[in-house]
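Comments concern the structure below.
Read from first to last, the chains carry the letters A, B, C and D; within each, the first residue is number 1.
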């Protein structure tokens, strides 16, 4: 027990140290941009990993929730006079309700059928955002106003960095709490065997819905923040490709590993920037790295490396 | 009225046959390896693009087609050999990510090796539309339909009457038992990738006169093919074709009678409903849960 | 005292009546065995009793309460738990975590406290861990406490499932072929474990093909054939029942 | 033991994070303050992805002409350096790359944004960084209202629709069927078509759309065909669907006049349609039919020279999109020469004072109230005849 607590706190302290030391290494707005995007992706991935890695329920449509959060922050203040913070919370609430509503029918599906259903859901969101031109600006996107906190518009790289860093820290802390609680264990049980979980008194469906809604809400919040930070959103945020990118971050980092989600998100946010100088060969190198990593580190970067190091020591 | 309906139906059947042809590739690979191959659309792209560029290099079309299919089959073999076999510990989702990586890599390669433009291929037998009760149909649609039937028959024969085919069937139903019976699963997985790459490339050649071909053509076609395979019940080749027709006809009828603006939304809602009421697809094997 | 009463329980799959109007009653603290040839409907009966599938007709009364058609997790709350014939271990966890899942209903499992890692949750976790460790000792798996379930041998997994089921604090435990695939030493251990569970006041419902084990532990035996009750009675009665011996036990006894 | 294990797990995570951080530091530029220091031209274009039909020729053009200018001695005695990133059609990538161009690569000026979405996404950034920005995207919102640091070279898509409607009106066509694709270009074109119809006495009697990656548009075309009173057809879209629509049109035996937008202004459209493009009318930049312009047209020489240079360098038919990049680069170079410095404010002022500049797309006269400054004459209607563009008088 105390071991476990120490583990958790050690990991959190490391994360806090990395976040705190960030500004020493980030020396221009572009660096901050990459770091902030990586942080937002990590928040989405932590939620998505609870769904995919822990509870074993695949989703190929989470970009849809991300985009709905983003558009809530774009549309509500602009058209309906919401305070940006109110818009963020309203967006998260609406996405939560939507996720709750669709979770009931689609979480009855399993495996690849669930993948298809969530994929369809994401595509429907992206088409709606594309088509409701008068509300969303259509494929050309729309401008998003500043996020105001305590009457102050949040501007500047450092302010955003600290906000996203703090949120990532809190998200990680909560996710670790959850994973090391009866709820987290129930999620893993649902993944391990739905039959046995049910026979052990775990309300399987309840937990599937819970984690689906939780991951959707995290995606929506990250989407809202992204919209304000980026200052501009397009329906591409809801695209199938974006959903796939999120799942890739989770799997590459390591399923059912919170640290893995952060590593995966950071790595795959950074990689395109590192590869930008390859120009024509960018896609080739990116595809090859994706394949190579999964081939060499089949259970994801963090779990595979951790297991190798453990073996080496044992 | 009838002519209008027929026109929508022809459109749905043509598009559905294309989806079905691609869905077939998903089914064949899924059967042998339980991998969803997200690079299936790229096999279609390779078939079309390689044929275009081999023809541009002066080869006659039949030779270009054969070489393109052979090339795609080689890529399929490499993907199975390098991507799937060496990563056995990766789990189902991990293997999917590998195929996604392969899909990005192949698209990147196509853009560098070939180009970023779109190209047509000449249809097999001319462009003069066939008139049926006031509706029109391109001869190429008939060719696609004929190819689909021929491939179905060939696959039926392959699965029911050849040793390798029967082994694949057995492995699909129970890989462990099949392995115990002395069936070399790895060879079957490789073979399934080669087979489905060749099928994809053939589809790419057949559909290019209708859809055009370009480096990214596989993205949406692959997605629709996946939908077809799922709607039909994963791992069931016949189901994949039926699923393709369902999706294609749903799209065409929605565009024709309801709203073309919301066509894709309606099509996906139909797909969702099929899944909800038939959780294993139209022809899926029911998953048996024995406690 | 009757603890479990089953009346007219029926379930069909595609026209085949897997369980067909089965009636029986189980007394508290008995070891009640259900035997029968393959396909007799034993597993279906267990699945019905444990709420994994719902019956077409009939009733299940558990300790005076009608629990017919309740889902599995609600039956678990009412003190019914089970093990599985083909293992349903959580292979993505350690052995201890498997057992801790069994205690789910008795832990602080509300979402917000868990999310915030409140002291109440930590206390509950500590208690659950201690309890689970005790159960690991109870079933003789103490050396596997920190093992990954996926790395454990088959025989140990069988006992792990029982420890996990015990963690739900059941009043009635359904064991589905606990000795299947075990070697003689392991079977002997299982025999002792089942007796001990019964002695500790838990009613046991047993489906088992190993007749030595069945004769050894059973207070009462129900013979099922083609989804119907063929015979019922004490172990000695059943053994002496010529109908049972002819229809089912005869060739099986000779096999052994 | 468990603790040790967990620390190792965390250490591995940290190592990865550390490598990542190092990599970030590594990308920091090394700059030498040299008198010969190159003029840094930043660019982000949609070179891959669905809008690559725009970005591909744009990038090729920039590369071709920057190499040429450097061979001729550069600008102000300094070479030009192109720093380009492929942002695809994605606003998020455009924002990140623009920050990179501005804050890490310290570019003197930015040419880019193949699409309206990517352009609009970065306007806030370039305005804040006070860096001249010449967009290659079509929508009029980019320069209307005028933004201090933002310019653009392509004709607005509104003008394209106006050209089409003028032509329809001339032929007495007032009831039209509209089909549009799912992209930003398509939507913007269709939106203008709906908005401007009334002004030209045109009614849209059928308004259909198709989806991403669609391979058959006969249902939509059948609906338009069977709409009572429809006199003409307009398709707003780009890429492979332009050819598919033309083929389906022919398949259905439709005979009403067929118009497409400038998104179809590529030989690929004609080739892909396999005969279906015959008779299709569309507005194109005069560049595409430069050889058919009267000899006294001042644009002819510039356009022909560009066409010749591009086609000989790349073995690829010239497109109007490359022309936008050509004009943007030349306007920028001209402005830097006139300003005699790369001081951003002075370059911006010089761009705004561009007068009578003859480019591939037309003649530019910019002003503080017009950051496009193109005349309408250089945008012409053509018809496809015998597999090539025929200028309509």
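We take it that contacts are C-beta pairs under 8 Å (C-beta built on N, C-alpha and C of every residue); 3 or more make two chains touch, one makes a residue touch a chain.
These numbers come from a predicted model, not from an experiment.
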Which chain is most remote from chain B in terms of Cα centres?
C
Contact counts by the stated rule: is the higher one at B-D or A-D?
A-D
Cα centroid separation, chain B vs chain D, in Å, comes to 34
Can you give the whole-Å distance between the Cα centres of chain C and chain D?
70
For chain A versus chain D, what separation do you get between their C-alpha means, in angstrom?
33
Chain B-chain C separation of Cα centroids, rounded to whole Å:
46
Out of chain B, which residues touch more than one other chain, so two or more?
111, 223, 261, 264, 289, 291
Listed in rising order, chain D residues that touch 2 or more other chains are 2, 47-48, 209, 211
Got the chain A residues that touch at least 2 other chains?
127, 131, 195, 282-283
Touch list for chain D against partner chain A, complex:
2-14, 16-17, 20-21, 23-25, 27-28, 47-48, 84-86, 89-93, 95-97, 99-100, 102-104, 115-117, 120-122, 124-125, 139, 182-184, 186-188, 191, 209, 211
Tell me, which parts of chain D touch chain B in their complex?
47-50, 52-53, 56, 208-213, 215-216, 218-220, 222-223, 226, 239-240, 243-244, 247, 250-253, 268, 271-275, 316
In the complex, the residues of chain A that touch chain D are 3-4, 6-7, 10-11, 14, 18, 22, 25-31, 33-35, 37, 127, 130-131, 133, 138-141, 143, 226, 230-234, 236-237, 259-260, 262-263, 266-267, 270, 272-274, 276, 279, 282-283, 301-302, 305-306, 309-310, 313
Tell me, which parts of chain A touch chain B in their complex?
52, 58, 105-106, 108-113, 115-117, 119-121, 123-124, 127-128, 131, 195, 240, 244, 247-248, 251-252, 255, 280-292, 294-295, 298-300
Footprint of chain C on chain A - complex, ascending
1, 5, 173-174, 176-178, 180-186, 188-189, 191-193, 195-204, 210, 256
